[in-house]
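Both complexes shown next keep chain A, but they swap its partner, so chain B is in the first and chain C is in the second.
Moving on to the complex of A and B:
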């Protein structure tokens, strides 16, 4: 359980050496491709891509073409009018800044707080206070957000936290249980001798944590960070309830504008949807190996 | 897989041994504790910095989750509307909830929807995982595509599907001459839940898929070779070898999925907003509506019941996964 490679995400990591062994034995057609399976999977992939294709093609249409009823046609002529209008209607720069703030804040706070707490818990496990704290923090895994949402709305209102900072606080706390569970499991596998050698060299606990423990936690931090990112960037429910000023809303919440007003300007709404979704998709395409490994790791452990 | 179970068993055993030591010292009198407890206690004093590491999380967690939870449970026994005066009214809210058709309907819908979605997601994800671990072309590209729904925002993709269900699908139905498709799926109180299931499943499949791929790749290939030599066909290999070996992953996926679907909110808001009428209103939506509807205390009672249900499901999860690790 020390590295991500424990959980295979593709065939290159498939264990037991059976694969190379098989190659040597030279089956009649070693590269026999399963074409029926390939075909079926490609067709399935189309159902995944179709809504995304419609989003992109609608976004680049003119208003006239967007309302003609054929969602699957290619844009002709190509128009960026939708993006221009969506940019100002949703006040995209502010929305994007709020989403970025909430996401970056949640990811950083989750990683740092969970790593701090997990380190303290694992190194003082024999103390009742730390042991009970672990089970206390884990408790939130059993509490769905809707259960505590109403009092939280009131409380954040009273404390002046009915803004993106309140969302960062709440989102971090809901991510904390799961993250502490992942970090503590990982920390238990790090031998104490490693730390003791650092201490003999005169390092304080603070230095040991930042110079030794935190770098070792990197793969788990990636997993924790990916989950926090996906949650914070895409969530609608929490920001829509907690942030009281519409001007400070995150991108997903801003999209409800098109359900009430401008509901027939499809090219504008789809351009707006695309701008809100694209950052996460692009980030995923560049980091997909880590995302897949991280999610697999997190889901199986959690 | 073996590494997971060993690590978790070892952690549980260390938990139990550590807690038994502490409980002995806790039950003994202070005087004897000083004698018997000294070797344990004086082994190492807790450095203050560890409190600095842990206490902020505890304080924020208490403020953000525990306190609201206690406030909520307390107010479920009152007649508060969220602001102003209130009186304690005992379990009146709870009695009323059990005879409230709107609430019962939201539970019925949420559970029915969750069960159907869990089955659909796991069926599709498992078959896709079998396909994606077979000898196919474009493996990496296909895998990349299938995971995309996981990273898109639920509410936004629901808006996109909302457009497809209300405009494109009826148009296609009219063109193909299928009468029941000519009207929007979302406008039909009896069929709107199907749309909710489809979109939720569309987004939930990747998570389950990745877990199944990990499970399938953990099965060594020589097992299949041996089965093939013994004359087992492809289908027999799937049902007699693959399924039993990934049973643990099925349990994980079913429970993780079910817990998530019970909280359904974003996708339903974007797709039907609970309609037509209240036919697709989830528990979460009913609770949240209490904030605007003036029945704050009443919905807090509802939320408390929901909390108990969530705990029961989590306990079921613990007992099931513990059983899996013991195997």
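Moving on to the complex of A and C:
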């Protein structure tokens, strides 16, 4: 992609050095700015940056300043009272640990199980059982959690799964259909000959999968993982209904405490939201390259 | 081959280690040994500090029961009923949501408790309006919130305005305020609940006997309409008309775009003389104006001062689920909660009114204006909370203040009521 785009520019520069020289005289800046596009992009950036700015500045305000109606003002005096209150009210370390556990569990289980299922389905596509199980898995896309919430609550209660493990199990199940869809599409593009060569070298199915197919699936695994991460980290409804012991509750549910009809505690809420956002933002900063590649991976047919 | 085995062993070891960690994490959450642990649900955000201390005091005072405070909220409680492991005791807002548990007999009988004997008899209708279960006292009121007009004492004093006791005095006061350039009422119509809770409920409750009205309405059922003995279009027409008189002439110009938070801020800055909100707004106003002198008075809707009433709702009620495994311990804790010094301290801290016969009088100057009415049980329950949630009454009231025809909106309400009665 990138090499193709740069080639023509190289050509023109090499081919017509004189012309470029003349153009430089006419317009002093070497690169022309596309003003309409820049304006639109700046506006888009503002829609993200402004709320982020308000979140950060609000988190450091005092209670009195937080409700004074000037969301954009800088915190004066600077206060960390919001963080202190949010930390104790939500019991942040435990809440974050639970969120992390649920998220990590869901991401891992989703990637592994979806990859297993997709591999089995794609390589046995001609058999009816596998074809139908693919449709069966996809069928889950039509069932949103709220529809089955009531029986799920009862079921998890009976099975002793009314804890983070139950949430991991259910979240994985709901994430599975979309992930299988992504994986199967990707697997079809992997040539069968690669596998045959592994077989000739004496690899079992298990070995073929772990040594050959799974590493090849890495880009799609990243995509699936990112979707599962976003879902599990942000989900409110499922943990709130499934987890029965309040001590094991995840962060979003704990933060529900701040949404009351009669009182506004913006500084505490925003401090808490900021702390909850932090892991996701930090993770993004380090994995930006893969995230962007991963998200587009799902959008464009390979 | 050797390397494959090694990685496999490593993988297995990692799995076992992970499981062990998780098991340790979960088992670390059990209570103190030797004590019976009961779960106490309480999710009123403003009072969590108070309750945390109360629970700690109780746990220290005896060595049989360990109370665990659970602040995770309504959804979690509903789910726990479905699952069959509800909290052992709860202090929760008493509303249509709780009424489902009451009506289906999910809450145990509390009539034998000492606390039940001390509850004021005249509060029973407030509890019964949300339904009851035959032969049981399913819930006991713990804190009653009275709400009426909040007024800025400094503005009233500066312009020599007395607290109005009749409708004409109210209009005169509004005119007087308007003449000196003070906005009489601060309205926050962007939030529809503020209209239903304040404007609509105060206007209707000031004139109509709401308990009687809703009893008749329930009896009429599917026949509710222009010819029934009670209907919204007949009984609410006049109060809603008066509400519109106030709403059209004596509010801030930007009322339609102001939300509850904006209202608290504006009122704390002295931008209006009166505010139709409940006592929960006091702590919000105090965030920006801690020393402001505020008072309360019932909104007069008739020419007879004897008709003055305040709107009440049971902010907190105590209940013990039938499915609880620790009913005895829970009852013991419930009796502790109802000890005069405990319940009085709670209600004083939250500006609520005590439901027991021996409860202390409310002394905070901000709610003292309503104490007299509460003591004499001159109270009503807001009509907006008595309409089932399926009927979007808040949106209807918002439509009315935004200019929809009151007559046709009230007719719609009648039709909705009849349709709902038909379905049930």
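Annotations
We take it that the second predicted complex is superposed on the first by the 250 of 302 C-alpha atoms of A that agree within 3 Å, B and C clash if a C-alpha of one lies under 4 Å from a C-alpha of the other, contacts with A are read in each partner's own complex, and residues count from 1 in each chain.
Convention: a contact is a pair of C-beta atoms (placed from the backbone, for glycine too) under 8 Å apart; a residue touches a chain by one contact, two chains touch by 3 or more.
All of these numbers come straight from a predicted model, not from anything done at the bench.
By the touch criterion stated above, A:257 is placed in contact with chain C alone, chain B being left untouched. Greater residue coverage of chain A by touch, when chain B is weighed against chain C, goes to B.
Applying the stated contact rule after C-alpha superposition, one finds that A:275 touches neither chain B nor chain C. Contacts of A:245 after superposition: chain C is touched, whereas chain B is not reached. After overlaying the two complexes on the shared chain, residue contacts for A:63 are found with chain C alone; chain B is out of touch. By the touch criterion defined above, A:130 reaches chain B but does not reach chain C.
In the superposition on chain A, contact is made by A:55 with chain B only, not with chain C. When both complexes are overlaid on chain A, the residue A:101 reaches chain C alone and has no touch with chain B.
By the touch criterion defined above, A:182 reaches neither chain B nor chain C. Once the two complexes are laid over each other on the shared chain, residue contacts for A:291 go to chain B alone; chain C is not touched. The residues of chain A shared by its contacts with chain B and with chain C are 69, 150, 153-154, 237, 241, 253, 256, 258.
Remark: chain B residues 3-4, 7-8, 10-11, 14, 18-19, 21-22, 26, 40, 46-47, 49-51, 53-54, 56-58, 60-61, 63-65, 67-69, 71-72, 75, 82, 128, 131-140, 142-157, 159-161, 163-164, 167-168, 171, 202, 207, 210-211, 213-214, 217-218, 220-222, 225, 249, 252, 256, 259, 262-263, 265-266, 269-270, 283-284, 287-288, 290-291, 296, 299-300, 303-304, 306-307, 310-311, 314 touch chain A in the complex. Against chain A, in their complex, chain C makes its touches with residues 4, 22, 25-26, 29, 39, 43, 45-46, 48, 70-73, 75-76, 79-80, 82-85, 193, 260-262, 264-265, 278, 280-281, 283-284, 287-288. Looking at the complex, you find that chain A touches chain B at residues 1, 6-11, 13-16, 18-19, 21-22, 31-35, 37-38, 40-42, 44-45, 47-49, 51-52, 54-55, 58, 69-72, 113-114, 116-117, 119-121, 123-128, 130-131, 133, 136-137, 140-155, 169-170, 172-174, 176, 185, 188-189, 204-206, 209, 230, 233-237, 241, 251-253, 255-256, 258-259, 266, 269-270, 273, 276-277, 280-281, 283-285, 288, 291-292, 295-296, 299-302. Within the complex, the chain A residues that touch chain C are 63-64, 67-69, 89, 97, 101, 150, 153-154, 156-157, 162-163, 165, 207, 237, 240-249, 253-254, 256-258, 260-265.
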